[in-house]
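Note that chain A is present in both complexes that follow, paired respectively with chain B and with chain C.
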Partner chain A sequence: MIEILSALGPTSVQDLGRFEQYRFGVGTSGAMDDVALRAGNILLGNDENAAGIEIPVTPFKLRFGRDRAFALTGAEVEADVGGRAIPPWWRSRAHTGEILTIKAMSRGARSYLTLSGGIDVPVVLGSRSTQFRGEFGGFEGRPLQTGDVLPCAAPNPSAETSDLGVGPADLVLARPNMPAGDTTVRVIIAGEYDAFDSTAQKLFWRSGWKITPQSNRYGYRLQGPAVNPVSPIEKRSHGIVAGVIQIPPNGQPIIQMRDAQTSGGYPKIATVIKADMWRVAQARLGSTLRFEQTAYADALAAEDEVSVYLDRLRADVRLFAELQGCR
Partner chain B sequence: MPIDMTHIERLAKLLETSGVTSIEIDDEGQSLKLVMETSAIGMTSSVRADAISSSEETLVIAKADVAGHFLATHPWRAKPFAEPGQQIEAGAIVGLVKIGLLYAPVLSPAAGILDAITAEAGAMVGYGTPIASIRPTAETA
Partner chain C sequence: MTASDRPRISLLGTTAILFEAPGPFDLPHQRRIWTLATTASKWPGIREAIPLITNLMLTFETPPRDPSTLMAALNDAWNEAQELTIGGREIRLPVTYGGEIGASLQAVANHCGMSIDDVVSIHAAPLYTVFALGSHPGYCYLGGMDPRISMPRRQTPLQRSAGGSVSIGGSQTGVSASPGPSGWHAIGHTSWIFFDPCWTTPAALAPGDTIRFEIERVIR
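Entry: the complex of A and B
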């Protein structure tokens, strides 16, 4: 078990998500940066869907109830366990009673703590993810608070636990010739794109969009020049998915994220491709987001790139464990 | 653990599958170096019977324990893990060996003052390659 000594904001238990109930209006929840969660679980020899803790705000502090391997992936954080500094994207081992402290986040927006065996909260509707809107799943259906004690499942006995790092996704999956500082994400045009004239479309593509403080797991509200359709569009609510970029009447785009409602009626100008959703998840409040148009085939190719990265990671971790076993 | 043929075969197989070109092992007076031929799947090995004698008595050496490229700094960071003159703990990370997507830490065997990082950033290192020298504090020397 682990005991939360300090948790701020919507720090929560998340696995990869709840995918079987969407048709009943139950959103997916799940780690905003699923690549980081998977990488942590791969390092630990866990099931890649094992639940970890998504930490969007520092400081964060917890105490280990027993010896346990853990990994920190996602945002770059200044962290230590029992006074030993933990580098980025790193697996290490905590001893009984030791305290893990995450002091500051210097790059990215969400850090992921995964634990050998995974956090063993009950599976609700097929997932351990916290559903904020419905207040179920995760730990008591709510953000973590000081004093919470979380159960962990038994570790994989064959998993290596020596200190080991992996190349962060944003280094390995970096795209060439991207403007420094801004986050550029690839999008596919969506249902109502043609309801915007070429001037409005150009504004959408060419503007830098500021991520406002009203951005969270539900959605990112962006700020920039107003992008409005030729004439107002009022649609009945219809099914939407994470990544959809809606344009409400004020002309300021909203990107739907992992806790978004499953339906909405605002016109959809575009959708962020699945392979770039983790980049949106790691874009910081106040930073600038840019949209780049891409084609369906390229979106699939981008997903393959993420899969190749994770495949290489699995293979390398296995190989390294074999090398250790050779000695 | 003495180096035997089954280990050598296993290591050769791992070199082949990992794309790593060479590996060097020092163990109980034996030293083994495997080098992959890049053109063919041939392999040369040499086993030396003489022990490697340590040249410095006052310094302890942090060595790589896996083959790969040495990094003194995490690629996300500007500051190296440890700098000469810095006090470090036993087990402190003095650098990384990059092998594929992984970063294996090079750990200081003793507490003390870091004397020097002897490996060059980006250089290929092998098992047992000296990475850093540490002047141990009196208690642990």
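Entry: the complex of A and C
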């Protein structure tokens, strides 16, 4: 088990998500940066869907109840365990009673703590992810608080041997010729794109969109020039998924994120492709987001690139385990 | 066929596709959507078929390499879809109109140019059908609202609206099952339980069930 000594903001237990309950109005929840969660679990030899902790705010502190391998992936963080500095995207070992401290987040917006064996909270409606709106799943259906004691499954012996690092997703999957500082994400145009005239469309593509403080796991509310359709659109409610960019009547886009409602009626101008959602998840409040149009086939190719990256990690971790076995 | 006679089919990135039926927001169209959902949920590569208001979203287990084949299949299945009649149960829901939770009651009355009492009696008159579940766990979208009390959604959605609030958004009405953000206008509230993840079926209501609102109290 592990004991939370300090958790701020909506720190929560998440796996990859709850994908088969839309018809009951239940959204997916799940790790905002699914690539980071998968990478952490791969490092530890876990099932990739094992639950970890999503940490959006520092400082964060916890105590290990027994020896256990763990990893911090996602954001670049300054962290230590038992006084030893821990680099992100590395698997490390903690001893019984040692304290892990994440002091600061220097790049990115969310750190993922994965533990050998995974966090063993009950599976509710097919997932261990926290459903904030429904107040179920995760740890008691709520954000983690100081004093919470989380059960962990039996550690995976293959991960308990020695430290091992992998290339962070934001370096390996970096896209060439992108403006520094801003986050550019690829989008596919959505149902109501043609209801915006060419001036509004250009504003959407060419503007830098500031991520406002009202952005969270539900959605990213952006700020920039007002983008409005030629005439107001009042749609019948329909299903939406994470990544959909809605334009409410104030003309300020909202990107739906993992805790978004399962349906909505505001016009949709575009959808962030699945392969770039982790980039949105790691974009910080106050930073600038830009949109780049892409074709459906290219979006699938981008998903393949993420798969190749994860396949490489799997192969490297396996190879390392075999080399260890030979010694 | 004119453009408005044809279904609209659009991609939601690479994870889902949306089919929007032509024609009015009424029960016969919704019954055909239920049929289409039953049919499409069995297709290969489809994770879930989610009916909403005269439309259907399909989420992908695996994204199709060529979405145009799927679009054609949706069009064909819609053309063949008969009305699926579901014999659901009838629920009576006591509602307190107005008050702190239903704070937009006056705004709806002003927008529609009628008195609070008129809005309440028009809202409580019909037998509503649960058209679909969506938005948040256990939330029911209802068909049958009188268009005279329609009101466009909010310019900017609220960050938090109370659980149990009875709201109007455009020409639709519904009851929230838990607190959360909303772009709709709350005109009242109820204390009924709509969702529990421990139930065998986590939602209390299903498409085809019917609801009658009972005016418990009107706070002006």
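Couple of notes before you dig in:
Going forward, the second predicted complex is superposed on the first by the 323 of 327 C-alpha atoms of A that agree within 3 Å, B and C clash if a C-alpha of one lies under 4 Å from a C-alpha of the other, contacts with A are read in each partner's own complex, and residues count from 1 in each chain.
In this text, contacts are C-beta pairs under 8 Å (C-beta built on N, C-alpha and C of every residue); 3 or more make two chains touch, one makes a residue touch a chain.
Here the structure is a predicted model, which is why all the values come from computation and not from measurement.
Contacts of A:79 after superposition: neither chain B nor chain C is touched. Using the contact criterion defined above for the overlaid structures, shared-chain residue A:42 touches neither chain B nor chain C, since it reaches no partner. By the touch criterion defined above, A:107 reaches chain B but does not reach chain C. By the touch criterion defined above, A:234 lies against chain C but remains apart from chain B after alignment on the C-alpha atoms of chain A. Considering which of chain B and chain C touches more of chain A, the answer is C. In the superposition on chain A, A:322 makes contact with chain B only, while chain C stays out of contact range. Once chain A of one complex is fitted onto chain A of the other, the partner contacts of A:87 are limited to chain B, with no touch recorded for chain C. In the superposition on chain A, A:4 contacts neither chain B nor chain C. Looking at the shared chain after the overlay, A:274 reaches chain C, while chain B stays out of its contact range. Once chain A of one complex is fitted onto chain A of the other, the partner contacts of A:152 are absent, as it touches neither chain B nor chain C. Comparing the two interfaces of chain A, the one with chain B and the one with chain C have no residue in common. Contacts from chain A toward chain C in the complex involve residues 19-27, 124-125, 131, 133-137, 187-188, 190-191, 214, 218-219, 232, 234-244, 248-250, 252, 254, 261-266, 268, 271-274, 296, 299-300, 303. Listing the residues of chain C that touch chain A in their complex gives 8, 10-16, 18, 20, 25, 47-57, 59, 63, 65, 67, 132-139, 141, 152-157, 159, 169-172, 177-181, 183, 195, 197, 201-203. Every residue of chain B that touches chain A in the complex is listed here, in rising order: 1, 7, 10-11, 14, 17-18, 65-66, 74-77, 81, 89, 91-93, 96, 98-105, 107.
Interface of chain A with chain B (complex): residues 76, 84-85, 87-88, 107, 163-168, 171-172, 309, 312-313, 315-317, 319-320, 322-323, 326-327.
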